[in-house]
Every structure is written in structure tokens, then in C-alpha cells.
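Once you scroll down, you'll see the structures, which are given as C-alpha cells.
Each of the next two complexes has chain A plus one other chain: chain B in the first, chain C in the second.
Up next is the complex of A and B:
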């Protein structure tokens, strides 16, 4: 039995195809991104080694810092939005009839591609024919905002569809975690006279702390690499007001053919995500850390 | 005597009063939950409505008014005028091929990691799990030049390989929990009966994992059907584009025809909405397993 189940040839045969794929298509590219970042390269011609020049330029590049700042803002928005999702999930999980139906309905936007969502919300935000401004006009707001062409508003306008898109995703995660809490705990607290609010705050939340931590990491990482929706909705505009790190990288490489500099941005993004993940996990580390991702 | 009855009545009154407040409170919660549900659905209702209108109706009627007579020809027009049918077909090929490849390879790996005995299994598992964190954008430039050099640029193969690699970690993660629960006796019995490992895997284990395979298949399908960046970067030929990227260009030509744009978008999201109607439990399960379980 043991001999058959530890047959090296078969183990290799079963693992190598997939392993090879992630090595060639994920891990080697990661290393190469760092390497290309040291080059002056237009993607087709010869590469010239320029050392850390790209990274030095990066530090002095105000457009880059602007896009990094926007990514950070999206991350903060996203983490804050988790509070809303969590509140909804606590309500949903408290033996409400039809909870199952509600959480499924909330999930529907998550099924759509970001491109479709972007195209739909471009029209929702349309200054004169969009639902948003026609609604605002109908309730007597005479000068409704221009949303996507307002440099001060655009990032907020982009965040609304993000909030809409991911609601169901996080609600489902929280709901599942909350439903896993043994009922006796809440029963005992209720007998001791705890209010629903106290039960939620003092029993439910601490018990799902691990899951909350996972969602914080997911929300931050997701925001740092946010791309599709912004690329389609505003292409980073107007005037760079909604540019984020991923869209900046994409433009550098595939529009300006500056593959070396683009790689430097890509590598920065990777390192940033690794560091952020590490720190969030460290900061929120708990002893009973059974949840992984 | 009289005193005790009052006390009893009071005791009975309290829970009843509590229930009344509870009921009131619950109805408020219901209203809030229902409002959120409406907000989640309303943009899509509006989308379907304007996909059936002509521009005049879109701009002059109230947003949620029904069209006087539904313009089904919007759908016919975008389907026959553009390449929507072709994009649709490409999406099916690319999505289908990568889902099958991902699940087959991931099942083999998960089997080897959880059921077979070897020293490096934890290390190999870690390699796959770290892959979960890696942002696709950080791999885009090297992948682009790699596919360019080996002549896979502008092929479905490039897309299928990329999807398979990037979906592998999550798929293994979802499969893992299920594989751990399979009883060892099953394998022992099979081996005693003289079954080879390949037969054991394909005829016993793989069929046994059908429910979790279905879940991962659906999660993979949603990701692949909606993927944008890889196709946008690796495919320039119009005849090879998938729906997500294809409609993006297509909509450019119809920039001002809202009905046509609406119809295009509805067509692109319809397959997943239909899948959701039938398989929502599996989707919910997959999301829960994919993000929370270890």
C-alpha cells in the first residue's frame, strides 16, 4: 500500500504538468518583471541594461505617485465598505426568513464582467440621459454633477459600481462564517440578557475575526490591482484623476511601448502587494488562526 | 392571590411586548434588506429596458418606462451586424477548454498532494497557494514577450494556458478540503483488489469528487467568461476575441445607439445569469469555499 502510494514516477506525472505551468506562466514572469525593470526596452528591439534608473525615475514620477495614491484611496474605501457588508450579513444571519434569497440576489452583479459593468455605469452616469442625473433632476437638483468628467468626483463615481459589484461576494463570505457559529453561544448570551447588538458586537464579530482579516486582505489586494473597470469607464481620466497603478503600468507598456519602465511599475505593484499582505496578516494575527487563503 | 395573578400577567405581558417590538424591528430590517436587493437589481432592469428601446424612447421616456413596442430588432441587429456570434463562440471555446484543463490538472495535483506520500508535498502546495496572491499585471509584460517569442501571440492557446495557470491555485484550494475527507479505506480496498493508481484516480476518486468539481467548474467559468486583460493584451485579431473584449470594441462603433449597446451587453451577460438561475447554490458554495476554507 505505502509503496504504491509513494510511487515517485506517478507523483511526478501528476504534479509536473501543473507545476510546470505555474512556474513558466506565473513564477518566471514574476522574476522577469523585476529583471526587465532594470532595462531600457521597447518590447521588440534590443534591451539595454540601465541598472536602477527606471526605479529612480519611478520615485520622481508624480504621475506614478498620483496613481499609487488613487489605488490607496480605493483600498481605504473598500475596507470601509466591509463594515457595510458585515452589518448586512449580521442582519441576514439572524434567522431572517428569505435570507438565502436575499444573499443570492445581492450576488448577481458579481456575475457580470467588469467591462459590462463599466459600460452599464457609463450610461447610468451619463450627464443628461443617465438614470442617476435624471433622478437627481426629478427630485429638484438643478445642476447634477458630471460624475465621470469631474476630476474631484470621478474616483468616488468609480467606487460606487465597485461597491455594487462586490457586495454579494463579501456578504456571502460573512454570512457563511456567521452561520457557522454554534447557536448555543448566542442562546446562552440571550438568557444572560444580552441585546442583539451586544451579541453581534461581543460574540459574533470576535468569533469571525479570522474571516474578517481574510476579507480585509482580499479588499486591499483587490483594490491595489484594480484595472478593468477603470480602463473601460474612464481610461484613467479625466486628466489622470482616476489613474491607478495597474492602469498606469498598462499604458506605459502597451501604449507608450516603454516596457522597461512599465515592468518597474509592475514589479513595484508585486512587492507592494506582498508587503501589504504580510503586514495585514501580522497586525491582525490571532492565536486560533485556522483560516487561510 | 390577586397579587400573584398580576405578577403572572406581567410576566406574560413582557415577552409579548418584546415580540411586538421584535416584529416591528424585523419589518424595518426587511425593508432595508429589500431596498438593498432592489438597488442590486435595478441597474440590470434598466439595462434590459433600454436594450428594447430606440434612442428616442431612451432619451424621452422616463428611465423605467416600458418601451411602447419592444425593439427586439436591436438584438437581431447586433447579432447579425457585428461579430457578436463569433465572439460568443470564442468565449465558449476558451472558457470550456481552460475549465476542463484546469480541473483535470488541479485534480491530479490535489490527489498527489493529499493522498500520496512524499516529502515535498507541503512545499509544492505552498507554491500553488502563493500563486493566489500574485497580481496578473505583474506578469503581463513577460508573458506578452514570451508568447510573442514562441509564436503563441494571437492564438486561443495563449489564453487557455494563461487561464489554466492562473486559475490553478484557487481550484486546488477548493478541491483540497474535499480530498482530505475521502476515507483512506477506499484506496486501500482498491489496491488490495489490484487496482492501479491511474484507475483508482480516474474511476474512483475523480467521480467521487463530482460535486466539488462542479463547484470549481462554475467558479472557473465565471472568471474565464469575464476575463479582460489577458485577451485584450494577447489577442489583436478580431476573429479570435472573446465576448468581453469584443463587445468593448463593438460598442465603440455604436457609441450613440443605446438600444444596440444594451442588447450587446445583455447578450454578453445572459449565459452567466442563466447559469446562476440554475446553479446559484453551487456558486455560493464555491465563493465560500474559495475564500474562507484553508
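Up next is the complex of A and C:
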């Protein structure tokens, strides 16, 4: 058995199918997207090569920058909310009463599909029949906000279900990491007279630093390419107030029949995510980086 | 060992092919016999005898009426396919059914790799254009000229699918958009059906004073708001103002069109529409109207079954729904018999189909049969003429059909008239205008910019 696994031909044979699939399904489309980005193409008829014109238009496109700003805001909020998730995980992992129940409560949104979550929150935000405004009316607020049609509010109104949707995911990652910390360390600290806060801050956090870095990268990438809830709940509207980069790309390619430009936006998104990921890794790099990603 | 298994497999697969083929012939015989029994089967019998000699072909057909969301449509389609297969035993129709949005996406993806189904559905005008320019659709004039099929269509519907003097699809639906209203609510507040726009705004005021939502509007879908703007543009600027602005013989900065946008803002400021309309879908707005929480609702005649035959809607509500024509605006140039509307989907034949002959026969058969069934069984107004005497229809339906016959003009939905890119701008601007995020002047200028970029 071992001899087989050290045979280079066999290794190649086993890995080749997976490699081939990744190549065909991921890398070739990426290259093609970049290529289409150089074309003036309605996605149906003939393509015309226009060089970097799409990318130049992109730089001057205020709608694109508006959607990019919204994606960036989502990334910032996602990273900030990691602090909340981490706090919850620390509390849950310290054997409080009912920790099991709470873990399940936080995990449930993960079991729902995005579309179901979107439908749920559309109902919650309904201007007259929604739970939210019913409540506000009942406590005497006469003109409750129009969550999904107020251009100043809609973006933040959508962030809430997005952050709620992913809470379980991050909490379970943190929880698992915290559980892996050997109990003797905490015990030793307690004997030395450390407060629970000191234990959390000085022992638990440094020990799961690698995991925290991974989650930051995940949160940022996830936010920059985020699409589904926004597409279902507001379709980027009203008036572009909740448009993000991915939904803008989708609209360009499939609604406006501007495949070339849509591809350019998609390719730009890829490059942007690569740059951002690189910088996050640089900023958070340390010698004892345990977790590789 | 390996060889043996392989042999076994070959035998097995050959056997199954043979069985399938045998089933096929059996079926054909049965069906030929069945058609022979019908009155109309005389010619069908000859035809199938003839067709038996032809090679078996598969005709791919893609439509957008899934069983779940459009059961009546789906059933009629299946029925027509079954009949067609009986008459042409060598043709096997293979179905693919997708929801609206997925359908549009799929069309785009498969057309970029030139793999359109033999027959499928398309929207007119702006949607059709890139497909025709890319030589994706076959001209259908030859079948239109056969047996006078061309004359079966309501005037103006075929034209929406014409480009360069060829027809590229046979229309299946035709719609106009009336203002539906709830008679019970109108009675309760002593409001009469408005005849002028001033009356209309008075009615709106009466409703708002009584905390009743005057108009259900779900403008997240944007084309819903576009209907209101289009009517105002028509009533103020006349039927040609908007068309001219779109085909570039005129301009969106036409006074009438700007005033129309102005009136939209007026309506919004007077709380004419459902609260939070810009964040609500058309479905959500409709449910407000259907629950008698709003007095009026402007929508296409495709919604008629909800107010007539749909058993799931309470009888009491259905009885209380009426419609009126969009009122005239004082000093405006449009007349009350001018409608906003247009054909919905139509059937196309793919240019690169290997079996164009069969595909065209199918499209022809389909549009003829669809005209017969769709009104009575699905509440669809077909693109072909309907003999209102011959069908048993609810009064409200007949009234709409009559209005359609008396229409002085039908202005095709703006987003359908425009190319996809400009339509996006139009729809975004509509949402902005209704949300008071642009002034009527900027609204016009944005349209002008988008349209001039196209040239």
C-alpha cells in the first residue's frame, strides 16, 4: 500500500482528475472572464475586441464605485461583528448554564437557505404588516422607518440578516478552537489568581489567534463577493442604495446584456479580493502562524 | 472476466434499445389508430402514415410556465404537445421548463454557445433584437403566409416581433393594463369612478383622509411604476411622445414627458401609493389590493383570472372588482381609449435547428391551438383573435376584450421597447423618480444620455 502511494505515477493518476476539474471549472472560466472583459459583447451575437475600454469605463463608473463602497461597508461590518461572535463563543465555552441550548440557537440560521432567510426578513421588514413596524407602532412610534425602501436605511437593514445568517458559522469555528485549548493552562492561570477576563484576553485569545485570522479573511472575502440575500430582498434597490459589486455585475451581464462589461467587473472583483487578502495576510502575519491557508 | 462483463453490458444495452424501439412502434400504431377514430383524424391518418417513413427526431422546446406556478398554462402546453406528437409520430417533443428569470439567464448562456432549443419563447422588441442581430432566430414569414395564419393575429401584435421586415416569433399573449378598483371601497367612501385626472386626485385625497391606501404599488419590480409614468406620458404628451423619445425622432426632454414625471412626483407627495412601495414587490402590493387594504391597482390584463375565475380568491372580493380606463388629463393630448400594453411572450424557431421543418410546423400548430384554449382555460388573452361569442367567459373578461377591440392605440411597455441597457436605466430612473431621488428634469436627462449612448 505504502509503496503504491510513493509511486509518482500513481500520485499523479489520483490527483489528476481533481486537478483537471479545478482547471476546467475554475481556472479556465477565470481566464475567460478576463478575456471577455476585453470585448464589447452582448452575450449573444459577435464579440468585438475593444482592449481595456471596459476597464477604463469601470474607473469612471460612479454606480460601480457606489456598489464597491457598499461591499466595503459590508466587509467592515462583518469584521466588526466577529468581535461579537468571539465574545459569545468565549462565554459559551466557559461552561455556563444552557450553553448547549444557546449554541443551537445561534446555529439555526445556518440551516436555512439564503432565500428562505430573505423571505423571512422581507416579512419582518414589511412597512405595515412586518413584526418590526408592528412593534414600533405598538409602542407609540407613528411613522416607523420604511426599512427596505428608505435609501438611507436599506443597506443597514440588509446587513442585519446577513450578519445573523453567518453568526452560527463563526461561532462554531471559535467555539471549536476555544474547546481545543488545554484545560491545564486555564487552571494554572486561575491558581495564579487571574480573573476570567484576564484568562480570556491573555490566554484564550492569543491561543486562537490563527483561527481569528482565518475568520477575518473569510469574512472579508465573503463580504466582497456577497450576492444572494441582497438579490432576493431588494434587487440592489431602491435606486441602487443596496447594490453591491456582485449584484451590479449580475445586472450588467444578464439584465443589460452587457456581458463584456459585466465580465470586466467580475474580473476586477477577483483582482480586488486577491489584493485585499494579500494585505490582510501581511498585516496579521507573525512567526508562529500555526494555521495555513 | 472483464471481457465477459463488457459483452454482457453490450447485450443488455442492445436489448434495452430494442425494447424501447418496440415500445415506440407500438405507441405509434396505437396513436395512429386513435386519430383515425376522430372526425378530424381523416387527414391526420394520412399524415401519420406519411410521417411513419420519416426518421424519428427530437424537438427541444423550452418554455417558462412551470407546473407549480402556472398550472393552467402548463396543462394546455402539455395537451398541445401531446396532440402534436399524435399527428407527427416521428417527432418527440422534449420539454424544458424554467421560471422567468432563470429562463432569461439560460437563454443568454445557451445562445452564447449557439445551443438554443429548436423552439422556445422570446419577448418582443428590445429583448428580441440581439438574438435577431446574432442570427439566432429563424424568420417565420413562410408559415405566416401559409393558410392565412397572418390574419389570425390581432393587429399590432406581430409587428412587435418584426425586424428588418421579417417576423421572428409568433405572439402568444396580448395584454393591456387597466386600473382595477375595489367597488366596495369606492362605495364605502362615496367615491365615483374618476373621469379626469383631477377627479382621480380628489379620489386619492378622499382615501388618504380616511386612512385607506389609495393605490397598491410594488415598485421594487420597477416596471410597475413605469406603467403609471407611461400612462401619464400618454395622456399628457399624446400617444407618440414616448415612442418618439425612444426611437430618437423625439426627445425625453419633451414638455409633456417632463410634466408626466412631475405628476408622478405629485402623486407620491400626496401619498397616493402604498407606504414603502419602493421596497415592496408587485406580489406584496397585489396582496394588499386582494385583501381590500388598497382601493386601486394598475396591472396588466394577465391578472384577470384573479378577479374572475380563480377559485382560491373569495367570491365576494372577485365580485367587487371592476376596472376603469386611465383618466384623461386636462389639456393633455392623449385620449382615454389609448392603452399601455403589448404582447407578452412569443414562440421562436432557432436558426441553427436541424429540424426547422418540424419546428416550424410545431410553432404554427401551437399558436393556433393556444388561441383556442388559452382564453377559456387559462385566462390568457392570446395574440390571435378571440371570438367572444364562441367562448364562455366572465363579464369582466369580455369587457376587457371589448376595450381591446376599441383601443385607439396600444403603447408597448417602455422597458420592452427599449434595448436591454437603456431599459435598465429607465427602470432605475423610475424607481428614483418615485423615491423623489431625481427631479423630473434630471429624470429626462438621464434617459437622453442613455439613449444617445446607444446610437
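In this section, the second predicted complex is superposed on the first by the 276 of 293 C-alpha atoms of A that agree within 3 Å, B and C clash if a C-alpha of one lies under 4 Å from a C-alpha of the other, contacts with A are read in each partner's own complex, and residues count from 1 in each chain.
The criterion applied here is as follows: a contact is a pair of C-beta atoms (placed from the backbone, for glycine too) under 8 Å apart; a residue touches a chain by one contact, two chains touch by 3 or more.
Since the model is a prediction, treat every value here as computed from it, not as a measurement.
Looking at the shared chain after the overlay, A:155 reaches neither chain B nor chain C. In the superposed model, A:113 makes contact with chain B only, not with chain C. In the superposed model, A:257 lies in contact with chain C only, and not with chain B. Residue contacts after overlaying the shared chain place A:6 against chain B, while chain C stays out of touching range. In the superposed model, A:269 lies in contact with chain B only, and not with chain C. More residues of chain A are touched by B (comparison of chain B with chain C).
Of the two partner chains placed around the shared chain by superposition, chain B and chain C are both touched by A:43.
Residue contacts after overlaying the shared chain place A:125 against chain C, while chain B stays out of touching range. Residue contacts after overlaying the shared chain place A:105 against chain B, while chain C stays out of touching range.
Comparing the two interfaces of chain A, the one with chain B and the one with chain C have residues 43, 253-254, 259 in common. Residue ranges of chain A in contact with chain B, taken from their complex: 1-2, 4-8, 10-11, 14-15, 17-19, 21-22, 24-30, 32-33, 36, 43, 88, 91-92, 96, 102-109, 111-116, 119-121, 123-124, 129, 131, 134-135, 164, 167-169, 172-173, 176-177, 211, 214-215, 218, 221, 224-225, 227-228, 231-232, 245-246, 249-250, 253-254, 259, 262-263, 266-267, 269-270, 273-274, 277, 290-293.
Residues 42-46, 122, 125-128, 146-151, 154, 234-235, 237-240, 251, 253-259 of chain A are the ones touching chain C in the complex.
Contacts from chain B toward chain A in the complex involve residues 26, 29-30, 32-33, 36-37, 39-41, 43-44, 46-47, 50, 58-59, 62-63, 105-106, 108-109, 111-113, 115-118, 124, 127-129, 131-146, 161-162, 164-166, 168-169, 173, 187-188, 191, 197-198, 201, 222, 225-229, 233, 244-245, 247-248, 251, 258, 261, 265, 268-269, 272-273, 276, 280, 283-284, 287-288, 291-292, 294. The residues of chain C lying in touch with chain A in their complex are 104-105, 108, 111-112, 130-131, 133-136, 219-220, 222, 274-280, 284, 419-421, 423-424, 428, 431-432, 435, 437.
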